[in-house]
Every structure is written in C-alpha cells, then in structure tokens.
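Order of writing sets the labels: A, B and C. Residues in every chain begin at 1.
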Amino acid sequence: MTSGLVLFGRIALALGLIGLCAAPVLFSPAMLVLLTQALTMLTLAMLWNLVAGYGNVMVIGQHAFVGIGAYAFYGFAMLAGWHMAVALSAAMAVTLVCGIAVYAMLYRLRTAYLAVGSWVVAETLMLIASRLPGFGGGSGASLPTSLLRSLGVRAPERLSTIYILVLGMAVLAFGLIWALMRSRIGLGLAALRDSEEGAAVAGVNTRLVRAASFILAAPMVGLVGVLITLQKGRISHVASFSMLDWTIYVLFIVVIGGLGSLEGPIIGTLVFFLLREVLQDYGTLYLITLGAISIVVVLFAPKGLWGLARRKLGCDLIPLTHDPKTGDLR
Amino acid sequence: MSALLELRDLNVFYGAFHSVHGINITCQEGEIVSLIGANGAGKSSTLRAIIGQVPRITGEMRFDGEDMSKCSTPDRIASGIALVPEGRRLFPNLTVEENLMIGAYTGRPGPIGLKDVYAIFPVLLERRKQFARQLSGGQQQMVAIGRALMMNPRLVLFDEISLGLSPKIIGDIYEVLPRIRDRGLSMILVEQDISRSLAMADHFVCMLEGRISLAGRPADVTRAQIAASYFGD
Amino acid sequence: MTGLLDQIIQASLLGGLYAIFALGLAISVGVLKFINVAHGDLIVAMSFLMLTLTESLGLPAPIAFALLIPIGAGMGWLLQYGLFQRAASQNELQIILITFGLSVILQNGLLGIYGADTRKVTAGGIELASLHLFGNINIGVLPLIIFATACVLIAGLEQLLYRTGLGVKIRAIADAPEAARLVGLKVAGLMAIAMALVGITEAVSGGLMSIWTNFDPSSGSSRLLIAFEVVVLAGLGSFWGVLVGGIIIALAQTFGGMVDSAYQVLAGHIVFLILFLARPQGLFPKT
C-alpha cells in the first residue's frame, strides 16, 4: 500500500540519483564543486547518523577521523611515496585502527561523558597533528601538482574525477549502511534505537552492536578525509580536523533532517545547502539560525523533518524492514 | 460530613491503554480500606492516581470534600495524602535521616517528627546516619513508611508493604499499622496477603482487570465470594 | 629550583580558576544529569558582560563583578525553565544536541556583537599587585583571590548541599528523580534552582577569567573541555576533588608549556587521558 506521495518521493530520489550520476556532463564546474561538497557532507551525515542515530553512541569528535584519514593519506602518498590507491586503503586501515583504539578508551562512558570525551580525543589528535614533523607543522602542507595531475591533467577534469570519487564514496556509504541495517546487526541497532533496555532484554548484544556501528564508521570517515584532502589539495590541522565543518555542520544536518533514519541525512543535507545559499552572506547569523533551527527541531520534532514527513506518508521512502506477513520489503 | 477520600467514576489511562475503568471508592476519616486484586488488576494505578502520578485520568477525586483531580502531586501531599510506594522508592544515596526529612519538607506541618518515627522504628535511630542503600529490605520499608508519616498525612496509601519481606519482618511492620490508626490516620492498604490485610480493614474493595468486582465489609462476605471476585471465575 | 617552585605555585593558583570552571559542570552532571556543552560559552558570555559593564558603563570592576552574580543566577534559572526543562522528557542525546545548538548560538552571537578580537578587562591595578613570599617567589594578588574564591565556593556548595533542606532536596532529585516525584518534591523548580547555582559559578568564572586572562568569542570550547576534564578526574559528587583536578590540569599545562609553549594545552589533554584510562571512575568518587 504505497500512496501517491510515497511514489512521488521515491521517484524524486531516483531522479536525484540519476541527476547525480550524470552531473559531470550536465553541470558547470561551479555546480560540480557544490555537489562535491554536498555529497561529502551527506556521507559524513550518514556516517554520524549510523553512530549516533542508530548506535546511540553520541560522539562529537567525528572530525578526528576526517583528520586522521587526511594525515594518514598524506603520509602514505607523499612521505612514503605509495600509489594513491594503496595510500587510500592504508589511510582507511589507519582510521579503522584508531577507531578501535578510541572506542576501547571511551566505550565505558555514559552518553554525555562519551560525547565530550570524544571531543577531547579529537582536540588532542588535532594538537598532535599540528606538531608532526614532515606534515608541515602548524601551517599544513600541500599535495604536489604531480600527484593531483594523476586525477586529471586540467582542472575541470580533476573536478569531475574527484566528483566521481566522492559520488562513489557516498553511494558506498549508503549501500553499506543499508546492508548493515538489514543484517542482524541492523536489527539490533533498530531495537537499540527504540529502547536501549528493551533491546538488552530482547537478547540483543547492545555492546557489540554499538561497538560495530562506531568502529565500522571510522574507516569510512577516514575515506571522507582522504577525498576532502584531494578536493582541497592540502592538509592542515585546522582544516583537516575542523570541528565546525566535519562535526558541527554534520550534527545540524542530521538533527534537522531526522536522526535515526536513512532519509534524514539526505533531507538535512538539502536543507543545509539551501540555507547556506540563502544566508551565507550574513556571517554569524547563518550559524545562529542553524543553531536555533536545530534546537527547535529537537524540542518539537525530535525525529526531524523526515519524522514529520513520515507521519504524513506512513512509510519509509527507502525500504528497510521486511513486512512480517508477506516477507516483502515495506 | 463528607468522606475523607472519594473516587467517583475514576478512569486511568497510560497512553492508549485503559488501565482502570470507572471505579468508585470511598474512605471515611479514620478508616482502613483494603484494596485487593490479582497482579495487573489496577491497584497500584489507583493509588498512583490518588497521588497524581499517572499520565491521564478522568472522573473525580475528592479529598476532604475538595475536588483535587487537577492538582499536582506536591499539592496533594501538602494537603494530607501520603504514599508508601510499591518497591519502597527510597533515595539510596541519602542517609536514613535525610530520607525521612524529605517527608517533612513535602508534607503538611504537624505533630509527627523524627522522634515519633524513631519511637515507632527504634532500629532506624541507630542507623540514621547510614545510607538507605545500606539497609536491609525490612529496614528500607520502615524508612519508606517513616517518610510517609513525616508528611503528617491524614490518609496514607500503602502499596504492597510486605513484598519481598520475611514473615517475621512483615509481622513487625503490621504491628505498627494499628498505632498509626490510633493517631487518627486513614489508610488504604494494597496487599497480596489478603487475610492479613482484610483482618485490619473496615472495608475492602476487590479489583479485577481494572474494575471493581466486589466491595463491602470483610465480615459480610465469604472466602469463596472473595476468591471468585479475585480470580474472576 | 625556586623557579620550579614558583611555577608550581602559579599553576596551583591557576588550578583554582579551573576548579571554578568545573564546579558548575559538576553540579549539572551530578544533579541535572546532563553535560551542558554551552557551559564554556556561558562563562565567556559572562566575561564579555563584565567587559561591557566595566568599559561601556564605566563601573568599577568589583561592582560589575557583584552585578554578574545575580545575572548569572537568573540566566541559569531561565535556561532550565525555558529550555532544558522542555527537553527533560527526551533522552540524554537530545539534551546534548540542544546545548550544542545553544553553544553555537552563543559563540556566534558574541562574535556578532563584540567581533573576533581578543579582550581583557582591566580592574584598576589589582591584576598587577603581588605579594612577596620568600626568595624570589612572588604571588599575584589576583590569582590568590581567585584561589580563595574557589575554596569559598566549594565549601559553600558542600554546606548548601549537605547541610540544608534545599540541598537534601536537590540531592534527592539527583539520586532518584522518579521517587522524588512520588513524594511530592517540586522537581522542575528544584532543578531550576540547581541550574541557578550553576549560573552563579559561571558568573564567578567569567568575571574572574575576564580580569586574569585574554578571551575571545571562541574561548568557550577550551573552557568547557578543561571543566569536563576536571569533573571527570574528580569523580562524581566530589567538590574538593574538583579543586585537586583543577590543579592537576593546571600543573600539566604549566609543565607542558615549559617544554614548549605549543605543548601547554596538549599536555593538559594528555595527562587527563592517561589518568582517565588509569582511573575511569575519577580520583575521588563519592559513591
């Protein structure tokens, strides 16, 4: 039983995806840059949503993994001189290891402590990054043009290569989360989202499931860090570990769009970039507005804009659960 | 003179769940009313409705002639209703004395003070500086009762005070109830132990699935009648 | 050698300021059960208010400081009633998100009003005065006042929470909020009072900080992190532990700074993380 609205929503999503795939031939370079940024933020939002929305692990130090990914990539590609693809995989491995270490350190903390604790860890790592010899210290370091050339000889080509990589990353992240949510771990996560005690009583290994959501997200966030480095062409502790860009904005996107749903980050990203286009010139007012909107959303629509829409639609646009009667995707 | 407590057509809802269906209960000044019923019959819900701690009710609740169904819990307690909640609900990291004092802070001004509580439960005097979590179950129940008495109530609601206690301790605690009655306090007793509770009561009300299945004076009914209305056969 | 002793004394006094930063957070963690991410920004907002009172209105620093305190109390009370109370039915995660939004609003609000410049309040010479101790060791009068204030605040809070009826009620709510409702405690009002206490510590922190150190609209985050580290090191419910925690972080920063000024903040974080791993429950947990 799908209503017209749902069908409309699904068609819009599908058209959006087709549009994104065709973007390199359809749009101007400026538009492509914007889309690259949007997909980057979308990926971070989906991953933070996996950890906080589904896993109930409230982290506000996600920017640490962006930075680790960026610095590790620089180290492997530039300092060790590895091939870019190898360096990329190695950077993901490094963030995975760091994710495990950080989680082992923080998992005992209850929600609020874990949130600020993860922030302390991120701050520490950022300060360490600023002192690393070989990585440009406090001012950062640029990727040499020779390396960037391998993505395309001229700037527009590079743009579309990076865009395609970012699109691939977003699709990969989405696919992984979708598959994860439909696996046994996903069932546990869904139970966890509804009620932590309930899930524990129902025999879900809540510790394992939370750990999985956190640790699996880490290398993906590292990958985002690598691609951000390719977009910017440089690393620096301020930009690569930017809390504002890679955590605060991401939080606002997910909260406004809808925590704990697949659609939320997508809607949140759309709203975020729309607001940015409208309010960008007003400087501080832009962030104040974002902060105020997120407070209002948390207070009056805790499931975000998607939560409001879903009440109208009655079902998810992106089917996730099986119908218990027919076994079909709902 | 009107009754001390009067519930008229009281309904209790937890969200969409309708837990108590239009019950009427009256408790006169100085009376002990025994409220019995199987698990899930709605006894605790009724007591929590009287104290103002259920999400939604309809119907009337009059205390001393005044409609209090819209009043907050602090107001109800300040006007003389006290609850000894199911599971005791002490403050584990506060001392015995602090737990008792909470009752004095939220209740009515009146004659009952720490001295009186310690006179009723001497063991609490010895342990007054200990944390509530360090007490045995029976001692914790004494603190819960003491805390309610410190509110100087006119009506005390007891929710399963014998739950999880040994027969000896239950006996000790039940010995206290007549002394409380002698001070002129009314009581509503919710209890699994029917015979003990009925032996004390002037009146009883038996609930079954949120409705009253039998009510009257303990002397006027047979055990078989009670059993039938308790289990619903 | 006296140079080292001098550093240790200075660091300990700085620890007093850190303890005041942390006291408010300790109350909100212990009683209200959430971490206010905007805690540091509220402190900085108080510093800017101090700046306005002294520079724009020309009030003497002590009077401006005295004015801050009721303002801080009122602000805490209003925040609890107007904002956090409304979210009380939601889970911890959502309350953090609200304080997060508040933090961003405050930082950018201050940025819009005062600009990004680094500021400091001048207090008519008291910040320069110092006492000669022995050898070549001098103690600044202001750091001494701040340390004494920390001790007075801690002692006062202990008295309030453990010796008064209001304190017993507040601790009861912290201990078992559901039970508190059943026995008729006015939970919302008491929480607002607790938050007013937090507001007072924020006003004191902000007022003192504005005279002692430089600040700018983005200083709040680092103050929050210091407060958080101190609270975790102290352990739940321990106010004197907060003083010790403050001194530990201040010492770590001072020694880090002696190696290389860039290591000052980093050393504080690293010492915190090591101690936290060794004793996750904190150094002086009460329960």
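Quick notes
Note that contacts are C-beta pairs under 8 Å (C-beta built on N, C-alpha and C of every residue); 3 or more make two chains touch, one makes a residue touch a chain.
This is a predicted model, so every value here is computed, not measured.
Taken pairwise by the contact criterion, the protein chains link up end to end in a single open path, with no chain closing the loop. Just count the C-beta contacts per chain pair and the biggest one is A-C. Closest chain to the protein centre (all Cα atoms averaged), using per-chain Cα means: C.
Chain C has its Cα centroid 33 Å from the Cα centroid of chain A.
Spacing of chain B relative to chain C, judged by their CA centroids, is 44 angstrom.
Each chain gets one centre point, the mean of its Cα atoms, and the points for chain A and chain B are 53 Å apart. For chain A, no residue reaches two or more other chains under the stated contact definition.
The part of chain C that touches chain A in the complex is made up of residues 29, 33-35, 37, 83, 86-87, 90-94, 96-98, 100-105, 107-109, 111-112, 221, 224-225, 228-229, 232, 262-263, 265-266, 269-270, 272-273, 276-277, 280. On the side of chain A, the complex with chain C involves touching residues 52, 56, 58, 60, 105, 108-113, 115-117, 119-121, 123-124, 127-128, 130-131, 138, 243, 248, 251-252, 255, 259, 283-285, 287-288, 290-292, 294-295, 298-299, 302. Against chain B, in their complex, chain C makes its touches with residues 165, 168-169, 171-172, 175-176, 178-186, 287.
Interface residues of chain B, counted against chain C in their complex, comprise 51, 53, 73-74, 76-78, 83, 85, 89-94, 98, 101-103, 105-107, 147, 151.
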